[in-house]
Amino acid sequence: MSPGPDFAALKKDFPILATERHGKPLVFLDSAASSQRPTQVLDAMDYSYNNAYANVHRGVYGLAEAATNAYESARLKVARFIGAPDSSEIIFTKNATESLNLVAASWGRANLGPSDAIVLTVMEHHANIVPWQMLQAEKGFEIRWIPLGDDGKLDLSNIDTLLDGAKLLSFATMSNVLGTINPVEQLVKAARKAGAVVCLDACQSVPHMPTNVADMDADFVAFSGHKMLGPSGIGVLWGRMELLEAMPPFLGGGGMISHVTTEGFMPDAVPSKFEAGTPPIVEAVGLGAAIDYLEAIGMENIRQHEIELTAYAQRTLKEKLGDAITIHGPSEPSERGGVLSIELQGVHAHDISQVLDSHGVAVRPGHHCAKPLMQELGVNATARASFYLYNDTSDVDALADALAEALSFFAI
Amino acid sequence: MSDLEDLYREIILDHYRSPRNSGELEPPAHKAEGFNPLCGDEIVVYLLLGDDGTISDIKIGGQGCSISQSSASMMSAAVKGKTPEQARELMTSFKGLMSIAEKGEELAEPTPAEIRELGDLAALRGVVKFPTRIKCATLGWNTLDEALTAVAEGT
Amino acid sequence: MSPGPDFAALKKDFPILATERHGKPLVFLDSAASSQRPTQVLDAMDYSYNNAYANVHRGVYGLAEAATNAYESARLKVARFIGAPDSSEIIFTKNATESLNLVAASWGRANLGPSDAIVLTVMEHHANIVPWQMLQAEKGFEIRWIPLGDDGKLDLSNIDTLLDGAKLLSFATMSNVLGTINPVEQLVKAARKAGAVVCLDACQSVPHMPTNVADMDADFVAFSGHKMLGPSGIGVLWGRMELLEAMPPFLGGGGMISHVTTEGFMPDAVPSKFEAGTPPIVEAVGLGAAIDYLEAIGMENIRQHEIELTAYAQRTLKEKLGDAITIHGPSEPSERGGVLSIELQGVHAHDISQVLDSHGVAVRPGHHCAKPLMQELGVNATARASFYLYNDTSDVDALADALAEALSFFAI
Amino acid sequence: MSDLEDLYREIILDHYRSPRNSGELEPPAHKAEGFNPLCGDEIVVYLLLGDDGTISDIKIGGQGCSISQSSASMMSAAVKGKTPEQARELMTSFKGLMSIAEKGEELAEPTPAEIRELGDLAALRGVVKFPTRIKCATLGWNTLDEALTAVAEGT
């Protein structure tokens, strides 16, 4: 379909995609929730466990050094992958949710008071809402919301008013429900003008397109390993060094101190300061291998592949299902990711997903952890189909066929 | 019969398309709201007790999938006219059908008599094969349970 | 050596133990920092990734259900393994450090004020010190310390005075430096008498001996997967249901809410309330497989094996190194775990470890994240050798030989 | 020569066993404390500047492994009588030997002239093969750096 890498050939790297459901080949369309992973990633982790595993940082014997090197190389890879100026600005967490909680609990608790305001958007994932609401209950600041506009995009007509006097703007680079790619440059500029710190929930964009945190000019960027071919159990927070250095620690424990007495403790330098306890050692190695895999294909190519697949899906689904289908989010494929939130007339999302499963097609029903957005959209659930590099037009065809079946099954 | 057809029996689809007792009740009717945190389904139960202590009226609001909607619809039909105790007994039978044991109780398959009592609701037994859907099927019941508690506590 | 399982045969389940260092067979004696893991655990995780992986809880398609079942079965296994009355009381975290921070940030922040006191011991790991010091800086309560007594044991002569009016007692069931097994029953009884909540850092005991949280009568118990043959990236907090239900959430995000609007959120029930974001899905599966492996051998047998190995090590090291060696901690093997903190006359722990590594023997030098204890002992580092089920007398012999070499290398 | 012997050269063991400039200095001498968070090693540097602006006296306290102790001992001997600038130049050469580049600088192997200047310290080059030990070798230097900064800021 696209020039460059042979996307059709990639499927064989993902053993799970060769499995069956109810005697039908698995059509996996839920990568926005969590991706699958290639053999290369599992092999790298097994290699680590079987040849170079020990706890990191605190050992001088060879195995501990090898494990530490593997863990720190993963940090270097992540830094390079997202264009971080300094690899010490990469903090490994357990998931993007923890990354965002870290920003709220450490930066937020130190910087937000009752007379302050922060700005979020109504299309945020709960991970970028609830940590702020929890802190709000403690500190009493105001939360302002950028509303939804047309075609699944944000309404930025009042952005300067909303940002006026705000200390923080935190938003998703790409909506996990609508696929909308938010205008990072415009938003960051507006935030800078207002003097606000900028936090990006980049969970849905980092896996799917080139990322350069320096170019984006953000202060914090959060994402998860499991959505980008990496293992479960690891997330990333990138932060600007000056901010990270000024922030108090988040969790306390081993590895994050330089000294402890019964009287008190002195935190270690960044990033150790924010990595209390035994980190996700082998998960970092797996994430590093995932990055190697993604870079070999090329993030530009992946983005291009997904734009084409999204365009094909929009066309095919409309052709096959006509007015019975609603696909939320921007109509222009280049303005969105491969995340299609679908409504089917007279068929609840839960039931769509159930019927699709019986055809081997895996899509996710629900609010996708974005209830305020769902309320805005006036729906309580959508069936979400999301693409990744291993999906192709045959998957879209299977989706269209299965949706047609669901429609006829529930037709009155 | 495939698992899917077993799940979506005709009677279920019928309740889904034409829900019984759909609507709202004004106070003094009691109201309880239930959410399925996994999928966003919402059920609102409005409950009115008559002078004889039986459920004199019940209405169901909210939105959800065929399983949660039909189950709530069937439930509303089944408990109307029953005392709170009878309604709760029915709930226990229904949860038995769903393979859910209440805390501290042994899991008991409902007896043939109990199944007869469940009526239309027995059609939901296919749900058991789809564990995540069990929460859909029981959402209405759990919300009814809350409404009954609210009535008892006079809140 | 012991009747029952054939411990000598277990080594073959651990591929890393068949690797070499500097041409010498690896002698791994650092399980107190992190254990190695058997093929069975890696196979279970690979199987999950390749056959039953999807994000948990929020999907209705088959793969998501299979992943959810696998994740929840792991919870059941953990509950059974530690005798938890209700599997909903098992919370999966990223490590024991997060588990203890959860208790401090959620229970502690809600329950501790300036006029309160909590009690810790001087032999705590930083993971059970720093979270309380961080909260102390915010809330201003008093921290009281149970001092060290003779033979590496706690001095409990003033325990009732220390606990008087205290709201919490938190302590390690087994010291990761001294190996001391603390008298849980006596301490919990004293705490109950004083009306204090009891939190146990069971990192070093759960992997090595039978655990029953109900019998221990504690309120919270924390431990890590990676020290008990499980993968990195997963920890456990068990808590008593009444307490967990009354506690505010810890991290906010997807999966821990029942409802969210722009105005606020309603938390979900326990344990979801405390598991924000995508959990360590496959890590839980790996931990479940580790528990299967441990149970097949039997925790009583493992404990017995380690008592015998510790006795053998105490004897052998003294014989070989005489007065040049100091082994910290209780002298009686049945009162301690297989954790030997060693000092060698005239040779710093760092150098011991370096020389031992050149002989293939992996031991950890340093303060072992227990600086207050080190200060108490008057040393700044020890070389720690720690045993697990895969160690045997040949490993102890290799340790003794390598220590003798280190002594002669540094001899004046 | 094995890696281990390359690491623990005789001259290193000599400085470890008989550390130079071991002890304390009273104020007005400046004092800085350094910790290696990984292993617990501690170095205390006491520093006195003469009227000519050179390091007129230096003493080393603390405890640690052969590498951190010998490195600090060698350092104390090497910087005594030097100006703060000269001491810092030496530090840069030493860090070059340890393959550590200062922020923003290219990693530069020390020149033969610089190595001559380093004297006994050059014996520590075997440490490079043991990355975790590099922190031991540089602990004294980093602490000296702090002491020099304290002097400059008059704190």
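Points to keep in mind about this one:
In this document, chain identifiers A, B, C and D correspond to the written order of the chains, with residue numbering beginning at 1 in each.
What we mean here is this: contacts are C-beta pairs under 8 Å (C-beta built on N, C-alpha and C of every residue); 3 or more make two chains touch, one makes a residue touch a chain.
In this text, all values refer to a predicted model and were calculated from it rather than measured experimentally.
When every chain is reduced to the mean of its CA atoms, the largest separation from subunit C belongs to B. The mean-CA centres of subunit A and subunit B are about 37 angstrom from one another, to the nearest whole unit. Subunit A and subunit D have Cα centroids separated by 45 Å. Distance between chain centres (mean CA atoms), subunit B to subunit D: 76 Å.
Between the Cα centres of subunit A and subunit C there is a gap of 31 Å.
The set of subunit D residues that touch two or more partner chains comprises 38-39, 130, 133. Among all residues of subunit C, those that touch two or more other chains are 58-60, 64, 257, 259, 350, 354, 365-366, 371. Chain contact topology: the protein chains form a pattern that is neither a line, a ring, a star nor a complete graph.
This structure has the following touching chain pairs: A-B, A-C, A-D, B-C, C-D.
Residues of subunit D touching subunit C in their complex: 2-4, 7-8, 13, 17, 38-42, 63-69, 130, 133, 136. Taken in their complex, subunit A has these residues touching subunit B: 348-351, 354-355, 358, 365-367, 371, 374, 380-381, 409-410, 412. Across the complex, subunit C is touched by residues 35, 37-39, 130-133 of subunit B. Chain contact summary for the complex, subunit C toward subunit B: residues 57-60, 64-65, 68-69, 257-259, 266, 268, 272.
Within the complex, the subunit A residues that touch subunit C are 15-16, 19, 21-22, 26, 28, 30, 33-34, 36-37, 42, 46, 49-51, 53-55, 58-64, 93-98, 100-101, 104, 122, 125-127, 129-134, 137, 143, 145, 224, 226, 231-235, 248-249, 251-257, 259-262, 264-265, 276-283, 350, 353-354, 356-357, 361-366, 368-369, 371-372, 375.
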